[in-house]
Amino acid sequence: MKKLINDPDEVVSDALRGMDAAHDDLRVDHDLKIIYRAQPKAAGKVGLVSGGGSGHEPLHGGFVGPGMLDAACAGEVFTSPVPDQMMAATAAVDTGAGVLHIVKNYTGDIMNFEMAAELAGDDVRVETVITNDDVAVTDSLYTAGRRGVGVTVLLEKIAGAAAEEGQDLDAVAAVANKVNDGGRSMGLALTSCVVPSAGSPTFQLEDDEYELGIGIHGEPGRQRLEMAPAAELAERLVAPILEDRSFDNVIAFVNGMGGSPLLELYLMYGEVRRLLDDAGIRVARSLVGNYITSLEMAGCSVTLLEVDDDLLRLWDAPVSTPGLRWGA
Amino acid sequence: MASTEVTRTDLEDWMARFGSAVLANRDHLTALDSAIGDADHGGNMARGMNAVAEALGTLDPDAAIGAMFRTVGMTLVSKVGGASGPLYGTFFIRFGGDAADAANLDGASLAEALDAGVQGVVARGKAQAGDKTMVDAMLPAMTAMRAALDDGATVAEATAAAAAGAVEGRDATVPMVARKGRASYLGERSAGHLDPGAASTCLLFEALAESLGSHG
Amino acid sequence: MKKLINDPDEVVSDALRGMDAAHDDLRVDHDLKIIYRAQPKAAGKVGLVSGGGSGHEPLHGGFVGPGMLDAACAGEVFTSPVPDQMMAATAAVDTGAGVLHIVKNYTGDIMNFEMAAELAGDDVRVETVITNDDVAVTDSLYTAGRRGVGVTVLLEKIAGAAAEEGQDLDAVAAVANKVNDGGRSMGLALTSCVVPSAGSPTFQLEDDEYELGIGIHGEPGRQRLEMAPAAELAERLVAPILEDRSFDNVIAFVNGMGGSPLLELYLMYGEVRRLLDDAGIRVARSLVGNYITSLEMAGCSVTLLEVDDDLLRLWDAPVSTPGLRWGA
Amino acid sequence: MASTEVTRTDLEDWMARFGSAVLANRDHLTALDSAIGDADHGGNMARGMNAVAEALGTLDPDAAIGAMFRTVGMTLVSKVGGASGPLYGTFFIRFGGDAADAANLDGASLAEALDAGVQGVVARGKAQAGDKTMVDAMLPAMTAMRAALDDGATVAEATAAAAAGAVEGRDATVPMVARKGRASYLGERSAGHLDPGAASTCLLFEALAESLGSHG
């Protein structure tokens, strides 16, 4: 393993030190590994707390700031954070209007957020939205259910805008659920990644293979296939999404897993766009880049989110975070 | 012949042995989790049991078994994260809740406390037998321990039986197709691999049997 | 080679198709491979044209937009663009106030921009700034001179702001030269990268080695060293910069080479920051992320830029490009 | 015995042979550039010579040698980029400029045109002998060709001498420490590798010698 790190067990704390130093508009609780806005939101507005394992940067800490999250709880690499973090973050960001928890659907994340809610009691009104947009998981009866992946980014932006405009907790939770309901994702990997504390790649792929249907934790996918040109890869990602739900007018999001050059992500976006054009789907907005990653994994995912005027307005609203910023 | 009573000291020894076993098997647990998960189970358990050792080191020496295991459980909940943090955390919290203020346990009350822990894991994770999780090591362990106690076994014999049951249950996870946790995303590809949580559960029951090996 | 591409010889055109589709505020001349603002700048303002080999994304195309570049000429991967591109871009963006060419100091880039100027004649007033901030190149008498690396990003932002506020060509060129004079960079690689048309890694590094003093073209560096913790790597990058020039108040920039997780870049930033604190250097602004990359190369570079109030004001001015965006 | 005159057809054959040689050596040139550069010299030259073939295919068949090589040079300038595009582009533009309206060349005027090309490369790139660039193949090629012509050699003999000189010059780049172009960043580490541009220059002179191999 070669990484820009010191002690593998201290990667997250060391990185948070750098993140704190780099961003004056963030405040980091280093003991609890929570990233907050330096300038808390105005009283009476709903707070947004998310969190998850580290290694997906900029998600979630890079999405803390005006127009998006109020706090992000950072777990160890690929390990969900612990209830203490969510309890502290929830108490800290509540301005009286309640707090939305944004949780990606993984057993560990679900259980730790759940325990946080149980342990917190009734001091703060909490609603939870669980993202589960990954169409690679086809059988939700005999699995832990679909994973939360790319839609989480779009949801944090859109729900953040709803909270910022002063919508109440029920309304913010409703818009969040609407985003999750209207979003679908599918990913592939060309390489595995190396969890620092493990020290070697989580899986091995031959030079002529790729993994289809991966999540964001370096875990193998549903299927190992022979490497193919971008046009075919795009089809492998888009087809199952379109089979799962019909789309009319979308935000189209090509996300890098962390190790693929931006040049290739744009190239994939061109292929995805061609497929959407062929399917008669209008693209209202686009997002291309590394937003929800799996350390240095090479590969990408495609997320489509059906949008109406309301969601588009919230998407276009100003946002000012290290990872996503416009209009401000 | 040694005491039939399980003391707090015995249970501290259990935790110490489990902690050492986790550290010794850290890479092995991570390797198992690499195959069907996300390569962190060894690191998670090691981080947790290191924190447990520290917490127990500063615990009031007069604390009852219940309080001691509530500390163990809360420490795991607070330090581990992932699936295993809440699950093992819940296991020990419920174990402690059942043992409550008891100063010592006998075979029956030990089995009852363990059962409470296992039921906590099932309630928290909603896994059933055959889902390829730690539950698949826990349930056969308890079945074996109950059967031994019903046959009049000593605590040492009963916990040895539990450990053997856990090992059997762990090995039986190999052909299973996972239906819970991360491994479930692999579908059929999860078959052929041993479940990492079942492996750490074996270490737990083996440590218990070692700690109580001389108990009548 | 495994990449998200179709034909290796069509990577740049295919990626530009995706970039065009993703960004409504950009216009792409696909024949000439030039990225323009969709909305040209107001008359009377100086135009900024940059360009270089592809594979460094977001540089340069991702820096086209209000507050930064007017046009970027995309060459083949790691190959400078051709004079036809620079001639066309220069003519297109000139509003009468002249055009600044921003050129990274590489033999190919210099010669192609030079030929463009020769072939263009006197229709448009052109000034050229050449970035050469790479302290890894110690001997400029017996080399092609220092390479243009990280400073190029900062320069394009700052000179872009100067042009946007209406400074004339001489003033914009002066501020650009001031940035280049006040900036220094140093980079390292943990892995090589794969040029698509070559098909295999440009160099091989063992699992316990890194290359110190690399550029941005996947070329090997000056020295191959034994892998070390981040704290030591940071020192290897910062020390030669501080030996080369004294710094007082800086923009500190940790740039990813494309294949290192953002988590690690933040971690490196924390280490760099510690060294700057120790050296008594104030950090006025920070930038951490993948801005001038070398395809999927793992590694990073550090750039320090000495700033005064004037440069800071220009740095803070609104910018709205795919790669860098704030205040707008 | 064949003509002593070098015709436009001969020079078209030169370009065709050079193009084929570049395509056949594409991976080799890239491999050389991987060692001390950025792994694109083969791709650059191939893209350029493919474009040249296309441009010559549509060129006015009555165009003079000068116009023909201006097209070759401008095509390389327009399609290659990098260091080699302007350098080989300038080479051919100057070659054409020297040949101008001539319908045919003899040995002396061919050498003069080649010399003009080489001087163009030197003017553009400012490399001196020993800097480990294509110039290190070009200069010995021209020295050898001049010497051969001075000794009364035929065009065939003179261009064969030029090719041999280029090969010698190319091989002499191996121990050199690069002082120009990308390889110069490597400092001492550039020694021990053959310069890719010197290698492509050999192909150029070898192609010329082949095209004119039967000329008196």
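So that you can tell them apart, the chains are marked A, B, C and D in the order they are listed, and the count of residues begins at 1 in each.
In the analysis below, a contact is a pair of C-beta atoms (placed from the backbone, for glycine too) under 8 Å apart; a residue touches a chain by one contact, two chains touch by 3 or more.
Everything numeric here is computed off the predicted structure, so don't read it as measured data.
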What chain groups remain joined by touching if chain A is not counted? B | C, D
Determine the centre-to-centre distance between chain A and chain D, using the mean Cα coordinates as centres, and give it in whole Å. 54
Nearest whole angstrom, what separates the Cα centre of chain A from the Cα centre of chain C? 28
For chain B and chain D, what's the span in angstrom between their mean Cα positions? 75
Residues of chain C that touch two or more other chains: which are they? 77
Connecting every touching chain pair, does the picture come out as line, ring, star, complete or other? line
Looking at the whole structure, which two-chain pairs count as touching? A-B, A-C, C-D
Which residues of chain D touch chain C in their complex? 30, 34-40, 42-44, 47, 77-87, 89, 124-125, 177-182, 184-187, 189
Can you list the chain A residues touching chain C in their complex? 1-7, 11-12, 14-23, 54-55, 57-58, 62, 77, 190-191, 207-208, 210, 227, 229-231, 233, 254, 258-271, 273, 283, 286-288, 290, 293, 295-296, 298-300, 320, 325-328
Note which residues of chain C are touching chain D in the complex, please. 9, 53, 75-84, 106-108, 111-112, 114-115, 136-137, 139, 142-144, 147, 195, 197-198, 200, 202-203, 213, 215, 217-222
